[in-house]
């Protein structure tokens, strides 16, 4: 890791600007498209600058977990596809992919915007499992926010397939969706030196001291958090980062219908 | 029984609707998107680049590596478990064999050209769509190529020879089906991929390959336009 | 008499027939098959008398003798440094070629160049197996401190440099930045934040539009229009 790049980035921050000319709390242009891949029950593509992620939602009928016989659930998987970054190799998900999936999972599950009891088909026997798969198409920085945004957009857009007894007819979609009661949004706030930014590009990601992913509901309640990076954060830092996360969350939420 | 009219009303030698775009993945050295009917493929090329471990290196020329994968939500039925399968391993291998003949990798000893193919949606003809996208991506990456490679499935449904079997035709139950993925260099008479599932006579095979050759020339025109469009004045 | 089916600055795709007839000649990027001259890569047509050339529009950098390139130190041994060259092949900088100063045997080489440092150097030799040797002894070769490095397509470098350095000089003047362009597609830019950003944007514009005519004028106009963002 070249310290020169980090020093240079910090110097730019002092002029309130970044490598690509953005302000510290500016996102690159964000684009959300839904229903982008017809074989999924729900899907979305999110572009943040050049970063691009596709999320598809599939449903399966399964047996419930023994400790929650009247509840369905969600499962989030993430694949850092080798086509999206020269440093990604084919193979099972490494720790970066696992953390990404778990952060997105936490943001949705803990928001309680999806009532798992509504996913029960027959108590103790059959429940709906909602499987969210994140696939990266181009990694130009900030995969966590792009993934979380695509995941919630795909969930909102999802329609259950027709189910006759035990057999699911995936080719026929009903008009019934998940009925989410809120739109949880994730924003990752980055600390480099003593300044905070959002939406790091690939160069800025190499210079991160610490990061805090903040998931929030539309009324400003926090529903999930994750700290990353090697440098510790003070309580003051966290308060500032949470504020930025809430403000940016409000802006991003407008892009999800 | 006779297959009077195709289930989706296409002509017997008519492929599904095709869309193609080059340069869709900024990080890659070359990339492309190719869609035929409801089957779509992304291809990205990284290389020539360093190859590890060392025992894989070839001191006389670069090595071509292909990786074909379907995204979990791509199938029109159940979710596809991530991690590949025996099928995707085989498709990766035949894809590599279908592309290698057009490439000249002598300028890049000890290095690798990696091709990654990912499909967000599949509905028959996925390996052919992958090959079409991959050959565009290789050209987009600036590699020396004798020709592009175009691919489409041909075959026989009941008593009719057809081009580009869709999902319903692949699983047709009212008569015999032959499904033949075919890849060729469109400007040369050279076939680089040929596989077959099903039953077909020697003469029918000869005729259906001729049908395929004509359609592959049309597919080449689409690939060509997509590559040129990337550089047109905006 | 040859029939040439393309004009200068057309874009050609592998497999495309560029000319038919035995009195045209296949230049770089093309090959002859029977009567036909055929495109061997995705490139820009350049007609040179009766020779048809194709200039590649993309492609990774492959090290060439005498090229000046920007590298990153990835390893330090007791006899020299190994460098990342933005190509499939790493390069070696030996103690002897690093500096005209005397370096004692067993000295700590990281005091000169350490892992992560960026340097501009010149390729002195490339073997058939693509083993690359470089030197730091020469004009304009030094450790790059500060600034930022961007990655451009290596075949756009001639347009970014311009005839006798005219294009890059124009950018340096307008942005007041120091700029070093490596043949391997790495470009080092050092100046004020606004100056660097303008230089980066101008270079990206050249990358995107290098195959279109009137480039020099358009870049000049672009720099004029945006010069006001540079504080002096």
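Note that the chains take the letters A, B and C in the order they are written out, and that residue 1 is the start of every chain.
The criterion applied here is as follows: a residue touches a chain if its C-beta (ideal position, glycine included) is under 8 Å from a C-beta of that chain, and two chains touch if they have at least 3 such contacts.
From a predicted model like this one, the values you see are computed outputs, not experimental measurements.
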| message | Relative to chain C, which chain's C-alpha centre is the most remote? | response | A
| remark: When A-C and B-C are ranked by contacting C-beta pairs, first comes B-C
| message | Just the number, please: Cα centre separation of chain B and chain C in whole Å. | response | 33
| query | Roughly how many whole angstrom separate the Cα centroids of chain A and chain C? | reply | 38
| said: For chain B, give me the residues that contact two or more of the other chains. | reply: 49
| remark: The chain C residues in contact with chain B across the complex are 11, 13-17, 29, 31, 38, 40-42, 56-60, 62, 88-90, 128-130, 155, 211-212
| said: For a test of understanding, state which residues of chain A touch chain C in their complex under the given definition. | reply: 1-5, 7-8, 11-12, 15, 17, 19-21, 203
| task | Spell out the part of chain A that touches chain B in their complex, as residue ranges. | result | 36-40, 43, 50, 52, 54, 56-58, 60, 77, 79, 81-86, 90, 92, 131, 133, 135, 137-140, 168, 170-171
| What residues on chain C touch chain A, complex-wise? | 72, 116-118, 145-148, 193-194, 197, 200
| request: Under the touch definition given earlier, write down the residues of chain B that touch chain A in their complex. | output: 25-28, 31, 38, 40, 42-44, 46, 49, 67, 69, 71-79, 82-83, 114, 116-118, 120-123
